[in-house]
Amino acid sequence: MSANTLLETRNLTCIRNDRRLFGGLELVLEAGQMLVVEGPNGCGKTSLLRILTGLRLADEGEVRWRGETIEKLAGDYYEEIAYVGHHDGVKRELSCLENLRLARAMGIPSALELDDVLEQVNLYVYGETEAGSLSAGQRRRLALARLLATRSILWILDEPFTSLDKASMAMFTGLFVAHIEAGGMIVMTSHHDIPLDHERIRRLDLGAKA
Amino acid sequence: MNVQRLSLWQAFVFLLRRDLLLALRNRAEYAMPLLFFVVVITLFPLALGALPELLARIAPGIVWVAALLAAMLSLESIFRSDFDDGSLEQILLSAHPVAVLVLAKVCAHWLVTGLPLLLVAPLLAEMLGMPSAAQPMLLLTILLGTPILSLIGAIGVALTVGLRKGGIILSLLVLPLYVPVLIFAASAIENAAMGLDVTPQIYMLLAFLFLSISLSPWATAAALRMSAG
Amino acid sequence: MFLWFHKLGSPPHFYRIAGRFIPWLNAIFMVLVLAGLYGGLILAPTDYQQGESYRIIFVHVPAAWMSLFIYVVMAVCGVVIIVWRMKLAEVVLISSAPIGASFTFLALVTGSLWGKPMWGTYWVWDARLTSELILLFLYLGVIGLHNAIEDKRIAGRAVAILAIVGVVNVPIIHYSVEWWHSLHQPASLTKFDKPSMPPSMYVPILIMALAFQVYYAAVLFQKCRAELLQRERNSRWVEEL
Amino acid sequence: MTPARKKRLALVVLMVAGVSVGVSFALQSLNQNIMFFKTPSEVRAGEAPADRLFRVGGMVVAGSVSRPGDGLTVQFDLTDNEEQVTVKYTGILPDLFREGQGIIANGRLDARGDFVAEEVLAKHDENYMPPELAEMHKAREAQQ
Amino acid sequence: MNVQRLSLWQAFVFLLRRDLLLALRNRAEYAMPLLFFVVVITLFPLALGALPELLARIAPGIVWVAALLAAMLSLESIFRSDFDDGSLEQILLSAHPVAVLVLAKVCAHWLVTGLPLLLVAPLLAEMLGMPSAAQPMLLLTILLGTPILSLIGAIGVALTVGLRKGGIILSLLVLPLYVPVLIFAASAIENAAMGLDVTPQIYMLLAFLFLSISLSPWATAAALRMSAG
Amino acid sequence: MSANTLLETRNLTCIRNDRRLFGGLELVLEAGQMLVVEGPNGCGKTSLLRILTGLRLADEGEVRWRGETIEKLAGDYYEEIAYVGHHDGVKRELSCLENLRLARAMGIPSALELDDVLEQVNLYVYGETEAGSLSAGQRRRLALARLLATRSILWILDEPFTSLDKASMAMFTGLFVAHIEAGGMIVMTSHHDIPLDHERIRRLDLGAKA
């Protein structure tokens, strides 16, 4: 374990419906690294990600952040991570700007202006539009814009590219690379072919493990 | 642009304001507990064939049962939509203590659904022929009692929000816990109508209020964490 | 001590121990019940006021006590679940709920049957009776909530919270007779000075109470074993059985 | 302590404070008589509400039960060993109603200060004893 | 394996059975209207301080108001989950006439939520001290009245199911339509208690029943089509 | 208009939030053809598909099937189409088999055994499992299995590949080709690169239209 290791799991096991999805999983992730979790449908990618956020309890084993278990850290851990799951976490009744302001209030705001954030995810003209009347892909972009509006080290992303058109995919891929190059960390799943072969990207094939 | 991290108090106020804003955007939906309250109360004269003296006698009971049901029906709105769209996960993963954020949401819920009952209660009391001596007490019990309903109810919603049709299981969980509030509030009004002492009931409601303010947010936060899992 | 606790908490160990205890518990229960009934129905004298009808006391009081006791057990399990995440506590909690609900129901039914000759009515909305009825609803709430949540580990924690919140009702039930001058009589036995009845009456009550406790333990162990098997059906120790 | 821990501690302190305030209110409340239950002494002292239902409890005074008029209406005196109240009731009495027995009656005071019951329930006290023992008690009380 | 296309009647039965199966799978949730009914009724004696004679007098009203609320709360379950998971779209795009499929769903709903009220009603009537002469009439009104509640309610749900928090808007839509049922049913019971003639009320309930069976499925189907849009 | 034309739209217009998403759209689709609707997020693909099913009303124009407007046809039209939208339309409380049986009861059953259908979408072992405990991708496969369990000419599919792993994507692509080769028709949207260059596949770029 190098001094840079921030996230590690010990003997992580997940059982659902009597099926052992994975067991004895030992992950180590250093600052500046990205982990892409792969595997066929139902192999437990979403479950793993939710365990890493602490939203779900592991059936065995533990997740450690900076050497402490995340249960003990609680709030301290959440200051440093951001999660975008299957659900967007976007309030339909609020406008795009209001949604981002909310995200900032709940976390640590980044230095960017919100207008610039919207500009970057190509939603600038929708700033005052209610999120409920965005299309599936636009809403996904708004969810991902949270990553820019707040400041966190570890991004945990469950199929971030769902519903995105190709231009948006390329844009976010660039963003992810910038994040890890700046010393951030990403754990993500995706069924899309991601055109990334950065030396810092590691892949975990959950399907093979099972 | 303020890019400072919010203090706990600021986060509380922010979330409270967000929920009030959402309520404003969904005006029609949030007006409903109030309307439900009114409708339930008007059902009774219809069902009972309206004998003025009988109605006046059961008025405190009816008003409070209606308040209870109205509060109960509006409970789901505290967390349901946040759960469905994934905002709840974001709240649980927030850098601030979840219990405080939960309290903000419950406060907003009370301001939107509990407080308005105060405004129509005098009218309804008049309609049912409640003696005027009892009316200030009706308002006082609503003021003290409805926050308790919201606070206790939040625990119930937090427990059931993960279930697809939690709505009605919720009532089973929550109603038994509401009964003490109902009993003390209704008996305070009755006593007031007779010009009797009501301090024991009021103290009891105050006790419930303080206990639930200090304990329920923790229980709710724990329950939410469990539901999200 | 802690080690012992920890060991008992491990499902396979508990499964084995419980299995060994059950026949004994059943036997002890039979003996106690027979003794209690003999003492209560035959040896105990009639009451100076109620005559024979008071003999329902030998079922009512132990059942009522159990209804409170089991809820407290559940609340304690709830704390253990929240604080230590002990799986066995989840199993004990949820296995207790139906048993507690049955005892509550029994106390309500025997109480009403007794109320007719005693008070002149089956039911009054008095503090003791009402709070006991609420207890029944709480038990049903626990069972309902547990059934409604598919993931049993989540369900365990949910009912833990509910059990803890609901436990405020227990002191209310117990002290209701003093606080509200209810129609229900004040405590004869569960008070600090000596019981307000002769030993020939209270000894059979205590024996019956003990019998009910043993019965609870026996049924609890059985239910826990079934529940454990169900939950751990794909773990190694179950497959080895 | 990290800031987050400090914050958590402050919250716990607040919670404990809230709970103590709540408990003190509860104790205040329990010090007073919540349900409308009065003893005959209290009724005589004028503490009973006029024109409102309330409950009185006490012992039926031996020899006080009479059936004036049609025979359906019962009249008896109720005592708490200090004062007495006259109770009138029309209806069926519970089996256990007898002289010397504790009862609870639900009703209101009439103009003459008598208690008009809408409901009479026999209350049992916490004492159970065999008949012989009860005889002995009575005998002993009679001696004193 | 039968790969024939189902006849309309078969499709009706199939959907009815599917809904009953779903109810069986969600036993805990579907038992709740019943429990809610019981709990609401027990609230009244608590709130009113419970004088037997008073209670007996208002018993028919209480039971029917409770039945109404219980029916109302369970309404959402007719279409909500089908809407949320997209099954409703599939039903609307089915090869069979939607009105018939809707009727199947409503029947299932009544069997699961309305019928059980019949079973507990006698017990509750006893607890409230309702005169025994009135009890058969109570059962008859429940038998005739609750299907009307389900049928009318279905229209309301169909209209509001597209709204995110339609629950309480629904009550407002549906309760006014329930009022006539409430009035006639409660007055039938009261008349029966006093040994008076009840045929006018019963005929009226029968009229409502037939009207709603023949009209409501069409209205519901149209409303669903609109909500899905 | 050839004799084979089954689906056509006349002057179709859709307006949402005061924005004209598309207008005067004239589509013609013959038996044995597939139409892939493309375009960036929010250009109106979902809206178009729902208009084609009749679930949504067009703001102007009409949809015709075999020369009749679909409003007039109603039930007759629905006998010949199948729709898989953003929502799966899968009942979580029912097992996979029960879900398919339900789909058959609502439509025209195909000749395949249900077991074979499940086999084909790789869910055979989940036959008795409640659909609620499937992963995102497995549930999507179950939704698509409806296409096999029932018999219909026109399939309308909104991002069918969402959440699917690569093996499943290839499998369904093959299935779609088989369907159009057997004279069926498909209208679908997708942000995935679909490896299809069958001469019968036509593309409509909605984004360009706007």
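Here the chain labels run A, B, C, D, E and F in written order, and each chain numbers its own residues starting at 1.
In this text, contacts are C-beta pairs under 8 Å (C-beta built on N, C-alpha and C of every residue); 3 or more make two chains touch, one makes a residue touch a chain.
This structure is a prediction, so every number in the text was calculated from the model and none was measured.
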{"item": "Most heavily contacting chain pair (counted by C-beta pairs in contact)", "value": "B-E"}
{"item": "Centroid comparison with chain A (C-alpha atoms), farthest chain", "value": "D"}
{"item": "Interface residue overlap between copies chain A and chain F, same or different (over half shared)", "value": "same"}
{"item": "Most remote chain, CA-based centroid, reference being chain C", "value": "F"}
{"item": "Euclidean distance of C-alpha centroids - chain A vs chain B, Å", "value": "36"}
{"item": "Rounded Å distance, chain A centre to chain F centre (Cα mean)", "value": "31"}
{"item": "Distance from the mean Cα position of chain D to that of chain C, given in whole angstrom", "value": "30"}
{"item": "Junction residues of chain F - those touching two or more other chains", "value": "86, 92, 133"}
{"item": "Residues within chain E bordering two or more other chains", "value": "26, 28-29, 32, 35, 39, 46, 49, 52, 81, 84, 164"}
{"item": "Sites on chain D at which at least two other chains make contact", "value": "4, 7-8, 30, 33-35"}
{"item": "In the complex, chain A residues that touch chain F", "value": "16-17, 39-44, 46, 86, 129, 133-138, 140-141, 159, 162-169, 191-192"}
{"item": "Residues of chain F that touch chain E when the two form their complex", "value": "50, 53-57, 75, 78-79, 81-83, 85-94, 98, 102-111, 113-114, 130, 146"}
{"item": "In the complex with chain B, residue positions of chain E that touch it", "value": "26, 28-29, 32-33, 35-36, 39-40, 43-44, 46-49, 54, 57-58, 60-62, 64-65, 68-69, 73-74, 76-77, 80-81, 84, 163-169, 171-172, 175-176, 179, 182-183, 186-187, 190"}
{"item": "Contact set on chain C toward chain D in their complex", "value": "45-50, 54, 57, 117-121, 124, 127, 179-183, 185-188, 196-198, 200-201"}
{"item": "Contact set on chain C toward chain E in their complex", "value": "121, 123-125, 130, 133, 137, 140, 144-145, 147-148"}
